[in-house]
């Protein structure tokens, strides 16, 4: 109970850090596209809250987080306004910023797989398929929560989504989702295993950034 | 009862004018992109009905308006076909058209905040936060209803959404949403206050268009 | 009972062929955009399953097909991986591929109108409007199921959606939807009429491809 309460508190803090970081990435992208302050704040908010929103709409999981907790919209609003005011420093603090963003990605993926698991484990999968089916859905929800905000940002800014071309971004979300599903399935999900998973995902993402790891690309001759 | 019935009738008429106007903007945008008649009608329909659709999907508010009332699809279809036939005049009547579009924006925002309010007021916000939380959600639903149709139109036409760069468009929707929320919260919502709000929003939007008011843009040195 | 079971089996087979074909179109499009293998598989999956997903989200029809049946995600995954390995041949087998894609389109449209019909027939339309309203919704769901996957693929690849410019694609989906609605409404929906509808839609689409039929485009002088 105590531990569980701690886990909720730890992930709430990580979540708030995550949406603030994503709001800042949205602010930077939108600002480059000659948008007015309203456009910038809107895209910042969509970048921050879009991942969880897409996930919950796909699962029919209502009310959405930010409808139940409008205070999260205040967080993304303030993060975007502050980022606009100090944008030169944000750009200069590029590396620090990537680190905070990585923490957000891993947190979003963890929370996403948690919700995906709750839905999938109660689905009518055949017994042999139950673990596989649950892992697939939880993993997809981890990826969707982790990347959809950035994908929406890039669509609204009329770019090809970066995440489909970048360093191991989605694959980190997938790994976090699979590990978290396994801890839930085998009832070893607690604050300790949660933090281990977060640290694994976070380390992988930082290694990918600073060692410039990439997935292979497909070469077409056409 | 009489007044309430009048209010519903007035807003139904305004809504039909609004979706017809939005259908015409979609027809003009899509026609510029070398689309065939089917593509044009589809984008016109999405432009007209997309705002309410996005709002209701985000709120889990089913059935969608046009599923319950397919007659609105007939309205947008006819508006698009007529616009294709007289498109030269539509383009020449640019100013008249902007005025009708402004009426649509304000109507959509009013209806959007109404539905957002119904959801938010029944949410489990803490007592101190109730008014703020309700205003945030109702305002966001006003903005979403007012602008999402145009955003979807611009994404499908592969443009950067105009609304993020244009005159006070979203801000007018936000103001309409906030004013309408306050009238509902303090139980002074009636046909008279509704029309006052519509006129305020409409006047602001026309002033923004004809005086070329803009929100400030962010200048990045990167 | 026997016939009905056969119909379900036939359409399940057609559906699996359809999502595999759509997954391959997504793989080809994404591969041209310099995406990594993860991006390619993601876009392939969205192309294959996006149409049904958009339809079910619009109808509030939960759980989504692929949440209830994650095995379909395995199908699209394998189709995408195989397509990447043999992509040169896929491109060379262009005509065969268009034929399979046409089968997918018709199947998706048939299934989409089926679900749209179930929702619309229970809606509170006025008696005179019931058939018209039901046809509109079933037809729109046929179109949405048939084209949304490809539209999402083109948005994510930052292209103007092809379907709004291409040969009779959506119009075939619409015709399939209308015919299927009429067979359901007049209680002559069975394996035989279903196959006749599939063959009509399939033939129309192949004629459009090989005779290069187009809907007229709108010429704007602006």
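Letters A, B and C name the chains as they come in the text, with residue numbers starting at 1 for each one.
The rule is simple: a residue touches a chain if its C-beta (ideal position, glycine included) is under 8 Å from a C-beta of that chain, and two chains touch if they have at least 3 such contacts.
Just so it is clear, the model here is predicted, and its values are computed rather than measured.
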Among line, ring, star, complete and other, the chain touch graph is complete
Self-contact between copies chain A and chain C, residue sets same or different by half:
different
If I superpose the C-alpha trace of chain B onto chain C, what rotation angle comes out, expressed in steps of 5 degrees from 0 to 180?
120
Mind checking the centre-to-centre distance between chain A and chain C? Centres are C-alpha means, answer in whole Å.
30
Multi-partner residues in chain B (2 or more other chains touched) are 57, 60, 155, 158
Contact set on chain A toward chain B in their complex
28, 30-40, 42-43, 53, 57, 60, 62-64, 67-68, 70-71, 73-74, 84, 87-88, 91, 155-158
Under the touch definition given earlier, write down the residues of chain B that touch chain A in their complex.
57-60, 119-120, 123-125, 129, 132-133, 136-137, 140, 143, 151, 155, 158-161, 163-166, 170-171, 214-218, 220-222
